[in-house]
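Have a look at the structure that comes next, please.
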């Protein structure tokens, strides 16, 4: 750490910088290891094999579908959690965030006992002629289950920071709740929604445990890229490494999309919202 | 400080090499074990295929009783994971694989001390949920329309065996899922999601009464061999050899037979 | 065509009833936490009172009580709210912001835009039409916000300290503009600035602790305040007590001793008989400029003398304002220097009876 004249004083102790370097290594080194392991001579054939392309295609399709589902379901949920007040609200919020910390396998088991044949809704679904287990729908459900909290968290943050002042003003100007949602709330949370959706997509793309437990693994139907990598490891480590690199590349692209433009999470957005509440107090003179 | 950093960095590099599998933490813990009681007890580290868990746990106890002062540290995982770990330098004394293919991976890198010996065999069986709701009676039934069959993927040993059996029997299987491991197949049968699954006889046995087993003659066309060997890295060649002898001896064979394994090749 | 309002919010100790004539503008003043914003929020429908009833131009805004639960949601009330901050929608241009009200009412886009441009012209901001809120100064944004509120064609305009967030250069311009657009409208303006009340309002309502402490024409309230707050606004000393034949006997409190006799001239246009008023609660009111400061008790002609301890000295125009015993005195800097005044010193505030107004409160 040499002192550079242009740099303002940071006050970071040397040992903190040392640990920071180590922390960066913990993340970066394994990624470097993957790149180092890639069999570059065979890279293109490895990632363009039929099973690899099908897995990648399936991953992209299901992740897009689950992201859409997350938006359709997550926006209302975040709105209700952030704005409404009802009994057991805190409990519901904690429960909704649970998939963030739950081991994915547990999520898979939970989904199995919900949508599976012997599950909570299994009987009803069977009567309706709907089979979810072992289908692409199951993959989308598993991904939605693990990705929804990401969207809800980033959106609820954006909603809370913003408060409801704009919505209140819009209502007094004669806008119905529907109009307020469409013309004020949605545009205001758009940056948060975008970064939440990107994170959800990334999480869906990486989903593994719940899919393996709940959806099974069949080429073109339920075998997403992570499952394909896991399987290829058994016989063809080179293919597994090459596909891992593809997944890393997609993840990097996604993270760059979400964080890259501003260099900060887009959740807060470029919009500066005034901080004084509308309905309470006046200024002190 | 610099030296510590280099140590941590190299540890991370090792971790990176072993990354990506749930079982990778096991060798790390066994690696630390010898230093704890290096003065007193010796530790024998055995890497064994996951299907051997109950049999080898019992055999390790027997071994410890017969060899006071030697502790057996067991690490169970998929055979290919174990082979990868050994090739990456994991400190194992004995390796018991569920197939010859993964044993060959280790033999190929010259880490095997002597010739691997087959100590058990395993054959496929049809597992169905308790009560056999789909009414499966034989291998031909697995090709039935609308039947939810789960098998192993052909990339893993049980899947390869499944493919061989189906090929020999002239039956085209259309599984709804091709799993990475027998435990995943078994799990889907136990939960009732699948109508039937193809797993090993030993797996059905260990599942108890949660699944019913339907043996089928075609299974004989794919007999899976379990080889065992000492590794060149073994610190205590005596103990390693003694453990292998126990597995191949009458005590070991009795335990394995009880778990459903076929006899090994003497 | 008028507005009537009565509401109680127990949680905020709020209980106010208020009525406005068809073209009346009322200034609501009072200390922080008095309930001014609660009043506006309740009228706008952002806060639901426990009980009460309000009507605007024949439409029931709410009627809450035992057995009745009528409630009109905010967007059907026609009570546009203009806050301290402009709160322009950041994703819309100034023109689209102003057009928001008409658009919400179902006016087609083109016509809404015409309306918006007309109102922007009205607030001298037509050149800002295409700008985003982030590119506007505080004063410009507040002008656009006024246009936006007016474009919604509200039956009652609610203004919550519209000038409070502006710098001293923008405020006068906006005040003039408000005076013009509020002409002939029903409006309630919450303000801390007595100038707003004087310039913009026909009437002043003083809120204290969630209740109306005073309500009357602006001039009357400022000339003859009946609350400490209003007296403070008017810059007058205000001492409460009981009316006597020659003045009042103080009730104590606010730093003023109990049972002090203050002589003055009784002003009670409604009640000519002095004797009849005795015993009623009243106030003695006098300007700080009429108060002299002495170091010793100096009795002369009919004078009131209050022994005080000086608590504060501060510049006040070209005078020095001396505070002590809950009263204020304005003296020249020369006099202050001559007396050698400093906080903590004992002194006497002396005021001629002729300068003291006494009236029932």
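To keep things simple, chains are lettered A, B and C as they appear, and every chain counts its residues starting from 1.
By definition in this document, a contact is a pair of C-beta atoms (placed from the backbone, for glycine too) under 8 Å apart; a residue touches a chain by one contact, two chains touch by 3 or more.
Treat the numbers as computed from the prediction; the structure is a model and nothing was measured.
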With centres defined as the mean of Cα atoms, the chain at greatest distance from subunit A is chain C
Of all chains shown, smallest offset between own Cα centre and global Cα centre goes to A
Roughly how many whole angstrom separate the Cα centroids of subunit A and subunit C? 51
Round to the nearest whole Å and give the separation of the Cα centres of subunit A and subunit B. 35
If you average the CA atoms of subunit B and of subunit C, how far apart do the two points sit, in angstrom? 84
Quick one: in the complex, what on subunit C touches subunit A? 32-33, 36-38, 41, 44-47, 73-81, 83-85, 87, 89-91, 100-101, 103-105, 134, 148-149, 152, 154, 158, 160-161, 164-165, 190, 192-193
Residue ranges of subunit B in contact with subunit A within the complex: 1, 5, 8-9, 12-13, 15-17, 19-21, 78, 80, 84, 148, 150, 153, 155-156, 175-180, 184, 187-188, 191-193
Report the residues of subunit A in contact with subunit B in the complex, numbered from low to high. 18, 22, 25-26, 29-30, 33, 112-113, 116-118, 133-134, 212-213, 215-219, 222-223, 227, 230-237, 244
Inside the complex, what are the residues of subunit A that reach subunit C? 165-166, 168-177, 179-180, 183-184, 187-188, 190, 271-274, 276, 278-285
